[in-house]
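Here you go, one structure.
Each chain carries a letter (A, B, C and D) given by its place in the written order, and its residues are counted from 1.
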Amino acid sequence: MILLAIILIAAASLALIAVSRTNRQMNTVCIAEAALFLAIAVWLLLSGQVPISSFVIGSQYFFIDHLGLFEVLISTIIFLLAAIYARGYVEGLIETHELGKGSLKLFYGAWAFLLTVILLAFFSDNLALFWIFAELTTVISAMLVAILYARDNIDAAIKYIFIASVSMLFSFVGLVFLFETSRSVSGEGTLNWTVLIQQAHLFPTGMMIAAFALVFIGFAAKSGIFPFHTWLPEAHARAPSAVSAILSGVLLNVGIYGIIRVFAIVHQTPAVTTLSPLLLVFGLLTVGIAALSMLPQKNLKKLIAFSSVENMGILLIGLAIATPLALFWVLFHIMAHAFTKASLFFSAGILHRQYHSTLSTDAVDDIRDVFRLQPLAAWGVILGGLAIIGMPLFPVFFSKLFILLQLGSVSLPALIILLFLLFITAVSLGYYVISTFTQVSRPETRDDIVAYDTPLGMKVPVIILLILMVFLGTVFTVGEITFLDRIVAELMF
Amino acid sequence: MTFSFIFYLIINTVAVLAIAPLFMSIIKKVKAWTQGRRGPSVFQTYFNLAKLLKKEVIYSSHSSWIMRVTPLVNIAAILVAALFVPLVFVPEPVGGIGNIILLLYLLALAKFFMALAGLDAGSSFGGMGSSREMSISAIIEPTTIIVFAALVFVFKTLNVFEMFITSAATGTPATPTLILLAISLFIILIVETSRIPVDNPETHLELTMIHEGMVLEQSGSNLALMELSSAVKLTLLMALIINLIVPFGLATSLTLGTIVVAAVMFALKGTILAGIIGLFESSMSKMRFFRLPSLFAMAFFFSTLIIIIEVFA
Amino acid sequence: MIVELFILSILVFFLGILVPLVTAARDQRVFRTAALGCTIIGSVVLGVLSLVILLTGQVFSWTIFQPFAAFSLGFSVDRLAAFFLLLIAAVSGCVALYATEYIEHLDGGSRRNLLCGCTNLFILSMLLVVVSANTVSFLFFWELMAGSSFLLVMYEYTGPDTKKAGIFYFVMTQFSTLFVMLGIVLLYGQTGSFSLAPAGISFLSTAAFLALLIGFSIKAGIIPFHKWLPYAHPASPSPISALMSAVMLKIAVYGLVRFLLDVFSPELWWGIVILFLGTASAVLGIIYALKEYDIKAMLAYSSIENVGIIFTGIGLYVIFTSYHMPGLASISLLGALFHSLNHAMFKSLLFLTAGSVVHATHTRDIEQMGGLVHRMPYTSALFFTGALAIAALPPLNGFASEILIFISFFSSVAVADPLLKVLLFICLALFALTSALSAACFVKAFGSVFLALPRSKESGEAREVPLRMLLGPAILAAACIILGVFAAQIFVLVGLSVPMPDLFLVGLLLLAMAVLTYAFLFFTASRDVRIAGTWGCGTPSQQPAMEYSGHGFSEPIDIIFSTVYRTKMKNERKFFDRKNCIFAEGTADISLMKIFEEYVYLPVARASYHAAKVVSRFQSGCLDTYLLYVFCTVIAIIIYLGWLA
Amino acid sequence: MIDPAFIQDVIRVLFAVVIVTAAYIISTRNMISLVSVYALQSLTLVFMALALYSLEGTTVLLAIACITFASKVLVIPYFIATIQERIRIKRDIEFHFLSPTTSLLLSMALMLFIYIALAHIMEGTPGRESLFFFGAVIGISLMLMGMMVTFSRKRAITKVLGYLTMENGVLLFGMFVTELPFIIEFLIIIDLIILVMLTTILTVGLDSTLEDYHNRLHRFHLVEDTEEGP
């Protein structure tokens, strides 16, 4: 039923987009779609029926559990805000001829479709089905990246598709391994996660290691883990900011979600002792390369994108620790990172509108008078930056601290290296923000820059996200904690 | 606060005020003798002070209240410091009077005001004097503190009174360590009272003067206070050396006889020490200002050596 | 009652954050005054509360919020915390009073509202650091403090030096965070809990101590981590500099003391390390202060010196504790803590009055000032009190705390190890050098800023500042005098026996001597007074250019310590001919070399930037290369699977 | 029913064909033939599925054969060929990192390597017939060879073919190791078609520009627009 509702809503919105003509109409459809999905997710959350076994959903390939619902909640919120944001943002893109009017339909169609696919991915029980949806998200989001009239965008999209898809193929091989393992254990092969996790303790270690390692390759590429992250900075930086927020806040989660799911299965077997160090190494390398790449970075959106890479590394490290508490904070970090990153990209988008060409090239010097011209965006970047480096009042502080605490009990050298890398990250962000935002034009040239009249729709998401972040960072509701605890329990950590 | 302590306050202040100008004159006399002159009378300093009191006070139009309060603060600080070093009679210490660190910092208080007064009028002589004075006092400070620490180390107390009591009880001759310390104390005395080879108290030559530069703008009764305070400072440092090294005759109980004896003994010992200072000054020449750090380094080395010997022995 | 008072004060501060935040867009004085009024009220409540706790010695602890079983957001106020609360309350109250007027003379329009709000946040986070009952809330508020102070430093973001200051401050703050976090994580590894409870002796706790020590040292501005101070303090508005220097540095001291007392069982070498750091900072700090001509940077360096003194006291405490000499240990610790309070008083006083001076003369360069004693009599008197206190002259408070440290130094006779004894004596000598140099430094400061003739047009036209900019510093000055003169009585009042001289008696004697002398002169000496020009060897009139400048004043010390001050000479010449014979024009510049900056900070920064550049080449922009990475990784993983797993 | 031994021989031959086609894709410079070779490779897979069907009798294999034929032998090659015509590039001369000879040698080494590695990995799993195991090895080797195409060739369209080869490898691997539910296979094909379509369309914007990208940039944007704009 729920599945049906989702598909119906999706179909209706696609149809509406097909018949509508203006940016506003199509955008409204997208907002409505995201709002409806969010309503469904909230209803599911409040109804207390979760986890929902397959037949209520409508097919044995789908199910809803807390982790899926958690991801869906995050995704729909970000999609909703991004859609609101896109209203003004896309208008601006059209005005400056960066986006053809003819491409509008494609843009919003892909947008609406992407949300549906992501929802279906998170509600998939069958891992192969999840894999397919994940593949589809790559393709559709690449379309959203490539839609701008610039060669660089196509280039970035191609990179994105190639690296992600090529790696995802290995993932599929891994899934085949998993399927075969399950068949050899129970006779009846399945890729349904709910079944796999029950059988997992019977799986032979060697096969599990192979399966996980291969699956990891693909999902690592989706979530921007070193050395598969290379597409990420370029795609995120080139995409329209509304899309960047989705890429960073939602699509990276798809990859991490896949890793978590499969890792939960691995966690039931002795293979986890072999695989945890592997994850730790990849995580550290990811954070390391991201941190060092951020230092000389002169492009704001690339900087934020590298910060995403860094946070994915942290998530991987948290996962490698493989304790329930660590998993708890990994989940928390997923949420914290998604919202923070979305707010950062939204603010960066406003700056992008203001300083137009300059942000896309590597010239810092043209950003000036930020506080006079775009105070909200400036504060958005500052507060978002403080949030992402783990300042208190923002949620990343706690997740970072507790992941570090857990890491400390696993490996001291890793802890020290990670702390140092996080320091470098913070410095790079701080260095960039301080050196750019303190630039003011001389009084005589002050009037050369005309302030971009930021539409309300682009401001509201930033403010909402900032409030949401402060709320998440200071108030821990009982519901939130039990919800996350349920996820940990369902993943059988 | 006992009667004997109040009595001590009075008697010590009176004694130090009375005898300080005398020692100044004696040093001058000795120096004159070594130069083959007859020199001024030993009471010349008293005459000078009396004369200055009769003169009018001249303030620079640029100067501020600093100039006006400095002489008072200066003499007050030095006189209080003098209370920390009993000349003839050592009572029981009250409320930390006699603390050796406080003594040092009371001298610093006087110096601080004096240096500011030097800067107050905007004259370059005053500025130069202040600058040099503060520099010198800064770099002699480690030596001073090490010597004081050595004293504390030897006498196991922070209080000058108790040191005197101990040394009076042990009697003369003092231990070898104390004699070594006395040499260091002597160097400190030379530096602190601005004497040759560090400073030349008798000249107003721009190249050599330090202390005199600072008081150049002072006049009349203010100048008298400044002169007097530097004499008192000399006396109290001399008393420190005398009563530590050759404490015989020092009164520890309050009877007329002991006090008279102590006073006479102190005057005698003081005269001898003043003579030594005069001779020492005559045998030296003023040192170039920037050669001083090496002199101080030697003094510092010397006093640290004492500490090391004392510690390891 | 105490708890309610405490919550009340927190709420008042919170109100002080909200008011300007809500009214951020409206540039009206009333909102700012309201916000700062909240600060003052909150500080008064907090001050009363901490005094009560300090006197009664009760311990209050309560948990406000426990989201997980593992940790809670809890507060606990004991005497140590109350002491630092008092410090925070006293300084922030006076600073806020001063700022009500000062802030109206700042540029920035409605941004000033945010400044007020952020200041309140800063104060609130500092006081919550102090009352934190466990390491997580400690870290939480510590970070909040770092973040809010960073925003405050960046207030005048358009200023020429602010960018550099901001970057330095931000980097050092993060560096400090790194170590504090590491320390807390290691501690958690050792004890398995977040409580501030004894951790026992092990490799982990030693490592945790070292990490925390470095973290706190960075925040406290201990050399060689001090470089942010002389940049951040001049860049920020004066009330903020006062708060940062007087209070924030003390929070780091608090952290160190708290962890040393409650968590660690210190070993001898820890004490030696702290002592060494402290002494080095004290000496080098004041030596650099002497060469500084920016009045606020000079005060910043002097803060480094004073924190060095505090660390010296803490180091002595640790040494004596490890020798089981509790009496001496407590004197040293009391000295360190008392000096923290005293430094907070006189340094905020100095920063505030320096702020007034800068406000009046529009320059921070002391060579441009002079003669202000006639134009700003009250400010000069207040600054003078601060200078007397910081130069550790009796009977003011700076001396009262330094003498405690001197006493414990002098009593180190009792330490058994001869080698250590000698080491202590050497530290003592350096310590004495420090206090003498600081006297020289403040003679120079007061002399160049306030005395003689004005050296620039602006300082010639300076005016006395309004009443409220005098009132705040006046309270602090009074505190400086009271804390000094009645130091011994205060110790008795709180029930501590300390062998320190009675400064009240000394003060009385000083007064008596001065009065007696005055009376004597009044009756005997001539009362004629004449005003005349300064005698200048016959020059017709006194010119400002003839005065001794700040540079000139410190020249002898400059030469004496030439090994510490490295100068850098730049000499660029142009010639008319090829053979460099006919000189055309040229520039020469002799500047003080910033040794730490040029030999430590910048090389590290350059090296890491270089490394980052190398790593960035990984992101070459070529799809084929990226796919090759994937290919190689896949092969590596297959190798791993086939042979290693 | 045909003799299983004969079928196995057929399958071995087909393996050889697959590898040869992959080798051709790696080393050729002629782009027109690339597409046909790819179609041939897919056709081989279809035959292989049929052969397996006759061996095991699962209907899924038959279905797989059908959709593979429809999509990979007909639709995708046709589509790519059309696109190729449009961008008028016939040759892909430049090689990156690997020359044709090296890549051939490397792929041989890889096959050996995969064989050993897979033998290690699958050591514990019971009842692996040699043919199926070999199929898995060929599958993964095909993937890696395809991957070598993606990074050693400059033209994006060649890269797409490399990707398709990889996909064939996955199919091969899946076919021999286990059988997945049909719906999954079907969705994968759909996914693949969408992906290939998008990528090739994008390559129009990109590929033609690799040679002289500044000149042609604008022109091919127009092409892209007419392609996509509904």
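We adopt the following convention: a contact is a pair of C-beta atoms (placed from the backbone, for glycine too) under 8 Å apart; a residue touches a chain by one contact, two chains touch by 3 or more.
All of these numbers come straight from a predicted model, not from anything done at the bench.
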Chain closest to the assembly centre - both centres taken as Cα means: C
C-D or A-C, whichever has more C-beta pairs in contact: A-C
Furthest chain, CA centroid comparison against chain A: B
Distance from the mean Cα position of chain D to that of chain C, given in whole angstrom: 68
Cα-centroid distance, chain A relative to chain B, in whole angstrom: 78
Whole-Å separation of chain centres (CA-atom averages), chain A against chain C: 42
Cα-centroid distance, chain B relative to chain C, in whole angstrom: 36
Sites on chain B at which at least two other chains make contact: none
Interface hub residues of chain C, defined as touching at least two other chains: 623, 625-627, 630, 634, 641
Residues within chain A bordering two or more other chains: 155, 158, 162, 166, 170, 206, 210
All touching chain pairs, where touch follows the definition stated at the start: A-C, A-D, B-C, C-D
Residues of chain D touching chain C in the complex: 96-97, 110, 113-114, 116-118, 120-121, 144, 147-148, 150-152, 154, 159
Residues of chain C touching chain A in the complex: 65, 67-68, 70, 111, 136, 139-141, 143-144, 146-147, 151, 154, 157-158, 162-163, 166-167, 170-171, 174-175, 177-178, 181-182, 185-186, 188-189, 608-609, 611-613, 615-616, 618-619, 621, 623, 625-627, 629-630, 632-634, 637, 640-641, 645
In the complex, chain A residues that touch chain C: 155, 158-159, 162-163, 166-167, 170, 206, 209-210, 213-214, 217, 221, 227-228, 230-231, 233-234, 274, 278, 288-289, 292-297, 325, 371, 382, 386, 389-393, 397, 401, 404-405, 407-409, 412, 415-416, 419-420, 422-424, 426-428, 430-431, 434-435, 437-438, 440, 476, 481
Residues of chain C touching chain B in the complex: 371, 373-374, 380, 388, 391-394, 399, 403, 406-407, 409-410, 413, 418, 421-422, 425-426, 428-433, 435-437, 439-440, 443-444, 446-448, 450-453, 488, 499-503, 505-506, 509-511, 513-514, 517-518, 521, 524-526, 528-536, 542, 544, 546-548, 552-557, 559-560
Contact footprint of chain D on chain A as seen in their complex: 61, 100, 102-103, 105-106, 126, 128-129, 132, 135-136, 138-139, 142-143, 146, 149, 151, 154-155, 157-158, 161-162, 165-166, 169-170, 172-173, 176-177, 179-181, 183-184, 189, 191, 204-207, 210
